[in-house]
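In structure tokens below, several structures.
Here chain A shows up in two complexes: once beside chain B, once beside chain C.
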Partner chain A sequence: MRNNPVRMSLLLAGLLAAVPAVAGPVEIKSTVLAEKRAAAADGTTRVSLVPAARVTPGDRVVFQLEYRNTGQQSASGLVIANPVPAAMQYVSPAEGSPAPELSVDGTTFGPLSSLKVREAGAVRPAVAADVRVVRWRLAQPVAPGAKGQVAFRAILK
Partner chain B sequence: MYKPKFRTTLLGGAVFAASITGTAAQAQQTAAGTAVNNQATVSYEVGGAPASVSSNVASFVVDKKVNLTVAEVGGAPTQTAINATDQVTTFTVTNLTNAVQDFRLQAEQQLVSIPLLGTDNFNMNNLRVFVDSNGNGTYEAGVDTATFIDELLPEGIVTVFVVADTPNQPGADTAIVSLNAIVAASGGNGSLGADLVASSILSGDSPTTVETVFADADGLLDGLRNGQQRAYDSYRISTAVMSLLKSATTISDPVNLLTNPHPIPGAVVEYCMRVSNAGPGAANNITLTDAVPANSSFVPGSISVGTPGLLGACILLGTSEDDNNTGADETDLYGGSFDGTTVRATLPVVLPGTSMSVAFRVSVN
Partner chain C sequence: MISTARTSHRTRYSLVLLRGGACAVLAATTTPALAQQRAGTPIVNIATVEADMDSGRTRIASNPVALRIDEVLGITLQASASAVAAEGVASAAPFVLTNAGNGTERFVLAATLEGVAGTVRGFAVDTNGNGVFDTGDVLLEGNFTPALAPGQTVRLLALLEPIAMVPATAALSIFARAATGSGAPGTTYAGRGDQSSEAIVGATTAEATIRFSLAPGAAPEATLVKSQSLWSPGATMSVMRGAIITYSLAANFNGGGVARGASVVDQIPEGTDFIPGSLTLDGVALSDTADGDAGSFDGTRIAVTLGDVAAPQTRTIQFKVTIE
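Let's turn to the complex of A and B:
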């Protein structure tokens, strides 16, 4: 699958149509990681995130987004939107991350069970492979100097 | 504004239909070398003023996942005959790698035993391998001349022929051969690239270069994840080598009767024809004919057919035949008839390693 930058930039622009693209005190950083499972001393399995290596079709990665408020004032109403790259298929939120709202068309967001897809003239329930955008809306404002992260798992097609 | 554009752009493409039903293994895999970029945006409000910012682009390059299958076509041995040339066993090679690859091909003799194909007990001569150039599934000498697979697309399938000559060797009956396909670099049109080597797991992954990961299965005489795959087929010699031995014995003469008879006019001579099958196949529907020699007359009712006798007797256990070619005596195991000039015997089967005899008598004119 080719990553289509034209589609993605149209999508991003559309999501922000009502908001001027002005950089501010909030920063957001995107990284791609792999999950590594190791047995911990207490017998449980600990999952750690390591840089993704040797990613081939069928492998799973974690896209992690870290946000930070570097300004003096509290930032509220954060909405983090991440279009799922064309070559990836959404799986689930990563371990420890809040669950995002999902969308198959970039405009309607909700849990997967509420989404529908139009295909070959018929409407059917959406599956994880249909998800094109994931979005987190933070209920709490982010205080000056505070940071957080969200992450989701995806499989390389 | 942008809304209608999104719907048609995002839902109209075939790419979404493909990703819905298949797993990554069934649908087309992402090509090696593809850059996968992820970028998020965050919109928020500070002091009542809206703002937004985009993240960096987090990127990785899809690495090469090497996989292939080699399969035998037909599910049964190729039937052949001794001294036959250019005998063909057929295979397919499928490229399951997420990139275009060449495949180096090796045809080898194998001393193994495989259900459905048999137990190997001889080697074919002049073993060669050719790629089907026109996709018709039939080996055409002079047309199918390539000895390696060139530039096979992901999910592409190609037919390959192993071609050999059958020797003339006593006891030979089954020859098992294998086709080994080794994944090679795509090396440009018309030339075979070098065998692929898996990237060392000791060196770290580079986010910008395409590394090579072997993901192929193992099999009989093939290791796991070695960038190769092997399949087997066999040649079965089904022909029978027949020989015929004819002898004549004087049974009696008018003077000496049965004691040391001589072939003088009036003597009865028995002709014995022994058919032997050296194998390896069974011989079916044998018809033996022998013209009654000049200067002799057929003795009516003297035809008999059966297993060879001992100590000079032509037949041990046989059936007597009347002289016509009709009646129950024609199918009571064997048949025999005389049409006025020629004796004819029919044998439904002569098994490998066995012999059958036909006898008839004439009197010397």
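Let's turn to the complex of A and C:
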């Protein structure tokens, strides 16, 4: 994976530096599913999600992030962040998931159209392949016992 | 997957200067700048959640979820010529093989002659990429290519021994497949990919066949050059009775290919007598009677049968006459 793991972990560290990590009443669980395409009898292609452990270049996967408030108090200001693994390219929010904010540097977040990439002294509009981190900021507090899920699609480069 | 020691695959360029201009020639192997994700690479995803709790701002990491990249087996095979002149000369069919998979892979080669009998000598890496088997080109052992990195290309030659006669329908078929395996896309070879990943046949089926038509080769150009030398019994080198003229006929076959059923016939000049037993081919004496050997003299002319002559070649016929 060349030096990408280093960059990924640095990004992760940068994201996390502000807040100490502790086990708490808010849980997050990460799952990855593969998009399996099958031709249906009516000529359309059905996409189903199946558990994935192995992928080959060009495969599409969905990263699902399930959060849950296991505590007694309401949790507010939830921010769910996911550095996109270096081998993967961000595609879109998954079906049924709100769209994440995107970042090409781990610092500035926004829709893809608002992002720029500095490259060889020039600035160009960002494309999906530039996305390094996705995040969701939840406007509503999460009540005790409540849970939710966000998800994004990615493709193996 | 391969079991041999790792070999170095640097992209090398050689610059060949040609008269009247410069021409960059790619070396035998090249690797494109962009490659697929390598087989065996692990991918780990960890998300985080931050929330405001009574205890303050809290950040929690998710479980790591891992994916492993399997090896896709893929190949592309491209002929660098459509036809090969194989008649009468050793020839080479040039082609380019690319590892279209995402793992390090060797490929197995096989060559089959169709519509003609002949011998495939083997395969070689065309080190300088000139399409000709020459010094520095390396014969492959066991018809395996070197291990190729994902996306890497190798220029190869299928080597043919000279073929006596090439019919119009003759062809050379070259089949190549990934050494790990090939077949229907999706076929899986468990644990045989790089770093013990699964090896999965990709859309290319990991095998390919190309065909070259075989050609008789360039038509040889034949020229006959006649010369003479005089031996005179007198004091002066004059054409006089009893003088002996030695005629030399140089049959030059140039270009390529094979001249079929070549023969040389020469009328002896009027006023001369053929000297029996003087007929030679390339310095070897021929009998004058029309018998088993190539030469004959029928009273007015000599005839020498050369048969099939592969160009370039020169056959030299000599005979002597005396002046009446």
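Some notes on this structure:
We take it that the second predicted complex is superposed on the first by the 137 of 157 C-alpha atoms of A that agree within 3 Å, B and C clash if a C-alpha of one lies under 4 Å from a C-alpha of the other, contacts with A are read in each partner's own complex, and residues count from 1 in each chain.
The working rule: a contact is a pair of C-beta atoms (placed from the backbone, for glycine too) under 8 Å apart; a residue touches a chain by one contact, two chains touch by 3 or more.
As the structure is a prediction and not an experimental result, all values here were calculated from the model.
With the C-alpha superposition on chain A as described, chain C and chain B clash in the combined arrangement.
In the superposition on chain A, contact of A:Val104 is made with chain B only, not with chain C.
In the superposition on chain A, contact of A:Arg132 is made with chain B only, not with chain C. The larger set of touched chain A residues comes from B, when the choice is between chain B and chain C.
By the touch criterion defined above, A:Arg54 reaches both chain B and chain C.
By the touch criterion defined above, A:Pro93 reaches neither chain B nor chain C.
Of the two partner chains placed by the overlay, neither chain B nor chain C lies in contact with A:Gly148. Judged by the touch definition given at the top, the superposed model places A:Ile28 against both chain B and chain C.
By the touch criterion stated above, A:Leu156 is placed in contact with chain B and with chain C alike. Taken together, the two structures place residues 1, 12, 15-16, 19-32, 52-58, 61, 63, 65, 67, 71, 73, 75-83, 85, 87-88, 142, 156-157 of chain A in contact with chain B in one case and with chain C in the other.
Of all residues in chain A, those touching chain B in their complex are 1-3, 5, 7-8, 10-17, 19-32, 51-58, 61, 63, 65, 67, 71, 73-83, 85-89, 104-107, 117-120, 127, 129-130, 132, 142, 155-157.
Of all residues in chain B, only 1-3, 5-7, 9-11, 15-17, 19-20, 24-25, 27-32, 34-47, 50-60, 62-65, 98, 199, 204-205, 211, 213, 215 touch chain A in the complex they form. Residue ranges on chain C touching chain A, taken from their complex, read 36-38, 41-55, 57-72, 102, 197-198, 200, 202. Those residues of chain A lying in contact with chain C across their complex are 1, 12, 15-16, 18-32, 52-58, 61, 63, 65, 67, 69, 71, 73, 75-83, 85, 87-88, 142, 156-157.
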